[in-house]
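Once you scroll down, you'll see the structures, which are given as structure tokens.
Here subunit A shows up in two complexes: once beside subunit B, once beside subunit C.
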Partner chain A sequence: MDEKLQNTARKRRLQYRLISLCSILVFIGIWYLATAVLQLAPSYSLPSPVKVFQTFITKLTKTAPEGATLGQHFLASLQVAFTGYVLGVVIGVPLGILMAWHKWVDIIVRPVFDFLKPIPPIALIPVMIVLLGITIKAKAVLIFFSTVIPCILNSYSGIKQTKSIHLWVAQTFGASRRQQLFTIAIPSAMPMIFAGLRVAMGSSWMALVAAELLASTKGLGYMISVGRALLRSDLIIVGILCLGLIGIVISFLFDLLEKLFVRGGKER
Partner chain B sequence: MKNLSKRLGTLALSLLGIGAVIIIWALAVRYTRIGLLLPSPWEVVKRFAYVCSHTIGKKYTVFGHLLISLKRVLIGFAAASVAGIILGISMGRFKMIEAIFRPIFEIVRPIPSVAWIPLAIVWFGIGENAKFYIIFMAGFVNITVNTFAGAKQVDENVLGAAYMLGASKLQAFFRVVIPSCVPYIFAGMQVGLSTCWMAVLAAEMVSSTAGIGWTITSGQENGDMVQIFVGIIAIAVVGLLMAVLMRWLEKVLCQWRERGS
Partner chain C sequence: MEGAWILMAETKNPIISCDHVSKTFYSLAGDHLVVDDLSFNVYENEFVVLFGPGQCGKSTILNLIAGLELPTKGKIIVDGEPVVGPSPNRGMVYQTTNLFMWETVMQNVEFGPSVRHVPRKKRREIAQKYIDLVGLTGFEKHYPVKLSGGMQQRVGIARAYANEPKIICMDEPFGHLDAQTRYLMEADVDRITHAEKRTVLFVTNNVEEAIYLADRIILLHNCPTSVHKEYKVDFPRPRDYTAPDFLALREKITDEMDKTL
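So, the complex of A and B:
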């Protein structure tokens, strides 16, 4: 009886999977019909899926029209994002922990960050351009800004949410302040810290694309802005899908890291 | 009495932090080469007071620009909320709808909302519709994800109890499913609103003729750093107010359940 139930459940799942597959196929089919066969939209505004795929393949090797292959754009974006992100994490997480753990640091530094928090990093782009030009440095600093604030805030509230009972137990057993921090507060804040890293990744990725749209000579954001200037929406769609794909890969990597480092529940 | 003095002390120290930043800013502008590029804090404050009654650009004061941006955000955000909540709940509750729409949604989800800007401009031109579309996409994804998670986490025991007590499907839906989704929906709307606010800036910075994002780009084009800073401060203040407003709404509307932090 139990096996039979499992069997039907499995069949159900398979059925739903088939429906999912069909829905993607139907979606692409409608897209194809509307563009290539019926030509409802002019090809400069919505190219057919075949055209998009072709552009993707040719962009892998050809540099026209904006002077770099897809791989080069990708590396350029990733390099900038990685530099700023790592810097932001390395500075932001310890600072957040410090703020939560030492009251003095908290009282003095906290209001500064409350003040900085609501500024969207995108608004800082012109300032960065004026101060540092349209170099990699300007973008890295921008990414740093959009990373460091979520990192600080999340590790701060992670540490603040440490159960005081756990700390009391540690105190009773004679743990020093330092031991309490490293064996109790930080591990129990880990899920929150990771949630912060994730948020930071999302916002820094967005800031990077915005920066590349506004001023740059390389990168995926630059590629889509050229696509707009030349009315090549196939190029734009390829760029957008690549950005999405990278997002998926990154969040997958985060899942792996989280499984490795975080014990206990995952913060939503 | 002791409490009061302690609180005053904390306040003074907090102000010390912000004051230190402003003083460092002022000193850096006055005594180093940064002064050639950055305005001093006093200039920014003075200009802010000035543009409250005088126009930036041709037509609007700073409040006018803010209102234009806010109007765009509100329209896009309202549409995104309606669409996101409907899609999220129906995907979370009906397996069939999930099977159909989830894969397409998963393709759209990881695309940063800013990346839609060029495509939106090609599709809708540089008018209002392109901006509504960008803002819609920014809010829609966040709200749908959260609502979907909430609809998946409806307590099946509670739902079963409702059915056992003779609730119809419709009643169970409106009395059990929706109330238990609301905290998640609000979480999504909070994140969504702040992303929308960011998206409208980006959209206005790429192409527009009015709005708070435009004041920043026009400041950049005219080499007017003070105007850029005024824009940034106005954006930050409005963003902060929005967050506070959403939190207050959540407190009022979701009294039955406190979400952590």
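So, the complex of A and C:
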């Protein structure tokens, strides 16, 4: 019986995959029809998928026209994003937890935090350029900023949402404040904290591409902006598709991490 | 017979003693007197049921004894010491599922010993003993979400016992369970408290449950709460819900309860 159930589940999963594959193929098919066959748009504004694929392949090895291969752009973007993101998480999550747990940390940090919170990170790009120039550092600081805010917000509300009954139970077992934090509050806030990490990833990736579009000498955003300047829409689309693919890979990695760190599942 | 009981009680030292305890909750909307001049004693290894209608502050009494709330007036003495805060000597089992959902059954049950830094091997042993006792052998590695309501309450009971407290307070632990599971759980609590002698203070609003489990029933007044009457129950265990004695006492208590409303 169990095996039968497993078989149906497997069959269904295969079915879903086939359907997803079909919808992607249909999308590309329409694109191909509209450009290569019907030629609804001139090829310099919307190239056919074949052309885009060719550009993708050549960009893997060739540095023309903007001076770096796709891999180099990708690494440049990733390096900046990673530095800023890790810093943001390492500072943001503990800070959010401390703010929720210790009243005086909240009182000290909150005024500054409330002031910085509503500023869209992209608005900081000019400031960063003035302060730090068109450097990796400028972009890392920007990413840091767009990561740290959602990290603080989510860790804070995650800890605040700790059920008081759980804390009471811990108290009747004689758990100290510190033990309550590490054995009750933080584990129960884990799903919230993870949601924060996801949001932070999205917003920092967005801020990075925006920064690269405006001011940089490398990175996927830079490649896109050069493509625009040269009217190379195939280059632009390759850049956009790469960003999308990286997004999918990152969210897949997060799913894995979440399975590792968030235990027990949601309460009914 | 009641006189004889009082005489016997006086020769023992109470393990819980509530002495003219009152509790008022202050708020902007007005002060709310929940417990009014409550006095009762509980003796070692006694199973006492606090029985009363609906919203009458029974949980507040348990929270006061657990030390999660402090009385406005009067004092509570547990095991010779006045209650000033929570203590591992007083275990709690609550009505709602309050298991740590991010921990396995085993980790939940060994929570108390691990807070006290009992070495891993020793606390596994203790936890296993109580998991076996509540009949959850084989479920050690499960997460609570995967368990039914009754099983979750079993974990809660094992967790309270595994800390080896002097007294265990249970706050309507079966309130959320269906009738069938409830009977099973009552029989199990009866068995467990027989196997592991502890002082148990049990809150319920179900008269059958009270008579089935109690050595002594304390009938409480409705809000504000105080002691209305006490009943000693000395039927042999396990008790029969349909025995004439059982039904007679049930009727007596139900009639009396109407007067408290």
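The rule we apply is simple: the second predicted complex is superposed on the first by the 240 of 268 C-alpha atoms of A that agree within 3 Å, B and C clash if a C-alpha of one lies under 4 Å from a C-alpha of the other, contacts with A are read in each partner's own complex, and residues count from 1 in each chain.
Convention: a contact is a pair of C-beta atoms (placed from the backbone, for glycine too) under 8 Å apart; a residue touches a chain by one contact, two chains touch by 3 or more.
Not measured: the values here are computed from a predicted model.
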First, second, both or neither for A:P126, with subunit B first and subunit C second: first
Touched partner set for A:I134, first subunit B, second subunit C, both or neither: neither
Greater subunit A contact set [subunit C / subunit B]: B
Which superposed partner A:A36 touches (first subunit B, second subunit C, both, neither): neither
Contacts of A:V169 with subunit B and subunit C, given as first, second, both or neither: second
Touching partner for A:S188 - first (subunit B), second (subunit C), both, neither: second
Where subunit A meets both subunit C and subunit B, residue numbers: 268
Subunit B residues within the subunit A interface of the complex: 10, 13-18, 20-21, 34, 37-38, 95-96, 98-104, 107-119, 121-123, 149, 194, 197-198, 201-202, 205-206, 213, 216-217, 219-220, 223, 225, 228-229, 231-232, 235-237, 239-240, 243, 261
Touching residues on subunit C, where the partner in the complex is subunit A: 66-68, 85-88, 90-92, 94, 96-98, 100-104, 111-112, 114-116, 143-145, 163
Subunit A residues touching subunit C - in the complex, by the definition given at the top: 163, 165-166, 168-175, 179, 183-184, 187-188, 190, 262-268
Touching residues (chain side subunit A, partner subunit B) in the complex: 12, 16-17, 19-21, 23-24, 27, 44-46, 107-112, 115, 117-120, 122-127, 129-131, 157, 161, 202, 205-206, 209-210, 213-214, 221, 224-225, 227-228, 231, 233, 236-237, 239-241, 243-248, 251, 268
